[in-house]
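In what comes next, chain A is part of two complexes: it sits with chain B in the first one and with chain C in the second one.
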Partner chain A sequence: MSQAAQSIRPAVVIGGNRIPFARSNGAYSHASNQDMLTAALDGLVARFGLQGQRIGAVSGGAVLKHSKDFNLMRESVLGTSLSADTPAYDVQMACATGMEAIGSLANKIKLGQLESGIGGGVDTTSDAPIAVSEGLRQVLLELSRARSTSAKLKALSKFRPRDLAPNAPGTGEPRTGMSMGDHQSITTKAWNITRVAQDELALASHKNLAAAYERNFFDDLITPFAGVTKDTNLRGDSTLEKLASLKPAFGKNLGAEATMTAGNSTPLTDGASVVLLGSEDFARQHELPMLANFVDFEAAAVDFVHGAEGLLMAPAYAVARILERNNLTLQDFDFYEIHEAFAGTVLSTLAAWEDADFCKNKLGLDAPLGAIDRTKLNVNGSSLAAGHPFAATGGRLVATLAKMLHEKGSGRGLISVCAAGGQGIVAILEAR
Partner chain B sequence: MSELSTLILPAAPSLGSLYATAAAGKLRGLLPGSKPAARTVPQVEHRLESLPINRQKLVDYQRLMGDTVRDELPSVFVHGIVFPLAMSVLVRDDFPLPLLGMVHLSNAVTHLAPIAPSAVLTAVAHAENLRGHRAGTQVDLLVEVSAGTELVWRSVSTYLARGVFLGERPSEEARPHQEFTHPTRTASWRLGAATGREYAAVLGDYNPIHLSAPSAKVLGMKSAIAHGMYLAGRALAGAAPHGTGYAWEISFATPVFLPSTVDIAITSALDKTEFSGWGSRSGKPHFSGTVTPLA
Partner chain C sequence: MADKYLELVNSGFTKKLAATLGLPRPAVLRRHVPGAPLVPGVVLLLGESSGAQALADVLLGWGLEVRRHSAGQERLGAIILLLDELSCPAELSAPMLLAGSALRGLVPGGRVVSFSRPALATDAPALAAVRQGIDGTIRSVGRELRGGATANGIVLTDDLSPVVPSALAALRFLLSGRSAYVDGQFLTISTDAGVAPEQQGAPLAGKVAVVTGAARGIGAAIANTLHRDGATVVVVDVPAAGDALAKVANKISGTALQLDITRADAGAKIIEHAISRHGSLDIVIHNAGITRDKLLANMDAARWDSVIAVNISSQLAMNEAFLAAKLSGLRVVSLASTSGIAGNRGQSNYAASKGGVIGMVRASAAAFAEAGGSINAVAPGFIETEMTAKIPVATRTVARMLMPSLMQGGLPIDVAEAIGFLASDAAAGINGRTLRVCGQSLVGA
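Take a look at the complex of A and B:
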């Protein structure tokens, strides 16, 4: 066995940076994915003095991507003051993109293949790619293949005026034609999650995020962008009454039983986030902080297409597996960062872990994973308040949790992120 | 079936001319002195050698259904290829029921083995089991497709000629009113006004009741309705296995008027997959069926 393959060493979270998240078609309407990601990287480089350095790898991606952004990460790196010989590559796993990028970098660091890495993601629904219709696309492709004039004319003759309607990306699942919110509304109802419980979770998210800003928690986690200094979705003065007044936005076919509103669902958001990881040696050599160890991560997927499980329930399964592998219980954590795609997602997941039937029949466990201490959940706010630029959420969570663990000085935290396609990634971090 | 005589068709008949024949038949039936309808189905099977398989149409079909383009003929695509042959039985002069206005009640298909697009297929079709229905007369149309000597696909389509009574009217049984409670939806289909035309452009079934509201109204429909086999094809795109044979059946409850949104449930049970569709707004059941892989 060669020297490099002999042992696994810790991968350390050194720090993170993001730009404030902005509601779609607002402050960042004219910023591209590359612009925002470059801004997040620039902030990280400035914070940790990485100018001119070669980083082992920069990994990340975007969920909604223009075809011109085939090399989004590399192109972004070339726009920063990182050394131009820093390799970069794109990753895509829907809303778990950031987590997959960061987790895989951590693995490479653990194996000694990398000394340092930057993982993250970016998304914009304002500067979204708009494709030509399938009909027009087929005509244009055939036209480009055509050699003779008659073949070209034949291709053109297939054009129909209705083909002029463009195709904008949606949040619908390709195989079901249902929006993510409509999918979640089924799960929310199946777990009997009430409107009030969802509104309370949303309110807590706003209050916690506002309090975190208040105590300058984000000062070394965020750099302003395009004149924005704070997540624009944050409503620190929101109240249960205001949230209760909103009309249902998803699962409207449930009629009076519909509980999911724009208030307890994440809005479409623009933004970018990145996390700097390294070996202990790298951190020490460059006199960088070591906030937390990136201990482990686990992906899961469920069959929502055939109704076997709810679209966003995969993390419930991933957590069961990662706990077993690490010989931990669900209660062995000081912080829980459960991505708030919808308040109903978080509450359904918590309910599932407490449910004996689910834990026995779906997770194959002898006893339920049990309840968590809710005062440890999303203590500095989460996606309902901050917003959720799909691929950027993983970086926000890892940086936030690592800092919280470091502040506390001990303990561990659990991250859970659901994703389109019935997928999800969970991770464990330990304080340093 | 030894008593059936065989008529070998020289080529696949065009559906357009079949519908024209059917329309003419309908007109003839309205004339005074038209011959009384026969009370049996013709004792003949229609046979077609070398079914035309167009690879571009296959791709168009797979795209239309949201299926993956692969070198296997989807079951409903096979149905589309043999449909003109089946229709040629229904428009025979001695066929006792009028084709136009006939309603597709159900379909049961055994797709015995995967069929490659390069397969040389032979199909044979005949009608049988003419019988009463409280709303008219129903009949089964059997189609068998073989690759060489191996039977690979077999279908029984049940049609209803509404208001046509060939013998005693069956006693008006009081149908117990069944409240339809739909299962939890797993998908939602937004079907545009052009759905019928898009299906027709791929599989050639230009039945006017599917094409547009005006053409459907001529035939007594309040609007164009989706092809039953389009609905079956969409369901199978999500539910049918690949690389193995499978049996599937579908029953149609109420027509899907276009445009509309159909809510769908596709659920895997132990040995089969069940699917159903209902109106997103109306809540009315449109169709239901099952897919069972053949071990």
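Take a look at the complex of A and C:
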């Protein structure tokens, strides 16, 4: 170990807070990203008694963001009970936004640059930014540059009625024009993931999340918001029969072979989550719990544009690298938190790790990473049940896993989050 | 939620109109304001018992102007009656008639406070008669006073002197604006335990307090008041009330603990949170409570059982955990209700739970005293909250105005002040008792 590495200290997950996640255009239709993030932060402040404190940094962001929210995190902090002396900055890495924010804060804590940090994210597809069309935008910009009346008229003459149609953000990939679900349907088929296997994973997610609520697991992880006390997507009474009755929603070009439905894909969701991190000294000084160490994190990206790899497969690569760096095998974990963008994503990733060809040719390994013990996978439910407000998922995963590890009192957990643009982030946490 | 009638009869044209029409005119009560004088005028100390001089010295030490026998034309802030050494009913005449002749000089928001001894079955009949008579006469004075003035008593057990710490703490409380809605009540002092606070303005400094049901209403007011008095406060409520709870916590720099108190491990969770996060657990306020009103003839098991589970069974279970943990000097104050004393139509379940609280604190006093602690209850009468705002207007107006001597409902702060007093170390000599905060009424939840 190098001299610098020896001086690195642990970054500790102290706890987290999120608001219940709500299906898009539902309970949070009239809440902005800033409203939700402020509520999540204030709940965290209340839980840990951080009123008036200067936190080292608050980092996070939103995937769908209004241009007026250029300083979303800082503006949100100013609306909370935290000290106004708390710096904050925005991060954006699609669905991995929360993980990137939290991981980077952990690094700064490890290096001694920060004593404390709050990382997380928020997203709303209900209060989404709607932009004017490119045509109208060009007209307006030229109009603002025009000095003379004739130049102004000339600019206006370029306006066409069709330019009035607004641009709403979609989940389509800019370079392929395909939706994320349609991308995943290619991967799902490539790995021969069956409809039943996907429905079973979705059902387990709902059952596990419902059971976690039942045993009060979320009492210190969630603060209600806008009258919502539980994730509104949760269907604890769902059955395989009900899931089997749903029609395919993605990969419809596959015809009878299409397997991805609204039941085994995450719905568009609104919500916010935050995680409090600190040095051991910070936690001790403030008499705060230490749930887990944030050990390491790794990002990966794949070339999905030219078809070399599936859009959401980057975490499979990131895991290989983070395991090697930490001298661990895929089986050295007590919990696996694999973000359920689609049931097919999780199952394709697991299949890839078990596949000798993939591990040899794509990951450059002598042997496959192997199978995991499925009873350790998403044991308190994941995105299929809770929903997936893009940037808020990282905070949900880190806080949930840290609490699970602390309850167990030993062991480690693996987080894997895929993201648009063929990216992904994985992380390792260790119990305290 | 505000009492509009109270505002109208105390301001502007409508004040004059109300006077002309002879409408009842409830007064704006003298409530505690930090830094305000303890008593709004001179103090007349009546009665010849042996503790008189010592008490007068204490009052002088508090910076009060004290008169014996008569105050002449001076404006009276309080009349204190030392009746603790009377031996037969005839002896009550002199001090009561003296007090009567002075009553007209009592300012609005003034106080009458008596010192007496409990009437026991083992007393000589004449002795018991005068002692029990004091109870009746002071309550009657309370009903005669106007302008937000109140009459209350301090009952000294055994041979406790009027200047034992808790008697003085009770006196300060009753003289002050903190007792604004306490009227016609007696505070019994059991022992000479108790220490006066180092700073009267922060009697709970350094204490860690837990308040259940703190997301709104009376619970939020209790949390605010304990914080104002110097305590670090942990606010507890059910997870579903977590957003309101977070706001309360953030306002008072406390911590929020989302917890269903009917869980078997609720007591353990509270102890764990308070000690790991704040270093100790000194005060617990059992405030969480629900109503599920229904005439008994229409009552179902869900309504009955949930009220009992939340309002009393949970407290019994948590108290067992607190006692088992041997927390030194723990002060518990529990919310009872005048419904538990006088009964209330449609509240047979609620009254069972709240009467239960009164029995529980009486029977738990010895166990808490063993570790240097105490347990008492406060029984609110009609308090203006979100809960009572749901009562139909006519019923509410009658309840708040006609029944109590003070002709108005109390405010959450009035309950909170009484709780803060009983939770203070100065009140350590009061144990197993229930203090009513009802404006001298007998209705209300």
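Basically, the second predicted complex is superposed on the first by the 426 of 432 C-alpha atoms of A that agree within 3 Å, B and C clash if a C-alpha of one lies under 4 Å from a C-alpha of the other, contacts with A are read in each partner's own complex, and residues count from 1 in each chain.
Here is the rule we go by: a residue touches a chain if its C-beta (ideal position, glycine included) is under 8 Å from a C-beta of that chain, and two chains touch if they have at least 3 such contacts.
Just so we're clear, the structure is a prediction, and the values are computed from it rather than from any experiment.
Once chain A of one complex is fitted onto chain A of the other, the partner contacts of A:Arg215 are absent, as it touches neither chain B nor chain C. Looking at the shared chain after the overlay, A:Arg147 reaches neither chain B nor chain C.
When both complexes are overlaid on chain A, the residue A:Thr223 reaches chain C alone and has no touch with chain B. When the two structures are aligned on the shared chain, A:Ser81 is found in touch with chain C, with no touch to chain B.
After overlaying the two complexes on the shared chain, residue contacts for A:Gly307 are found with chain B alone; chain C is out of touch.
Measured by the number of chain A residues touched, the leading partner among chain B and chain C is C. Judged by the touch definition given at the top, the superposed model places A:Gly177 against chain B, while chain C stays out of reach.
In the overlay built on the shared chain, the residue A:Val45 is in contact with chain C alone; chain B does not reach it. Within chain A, no residue touches chain B in one complex and chain C in the other.
Residues 39, 42-43, 45-49, 51-52, 80-81, 216, 218-220, 222-225, 229, 287-289 of chain A are the ones that touch chain C when the two sit in their complex.
For chain A in complex with chain B, the residues that touch the partner chain are 134, 162, 174-178, 182, 186, 190, 253, 303-308. In the complex of the two chains, the chain B residues touching chain A come out as 63, 66, 183-190, 194, 238-239, 263-268, 273, 280. Chain contact summary for the complex, chain C toward chain A: residues 239-243, 245-247, 249-250, 253-260, 263, 276-279.
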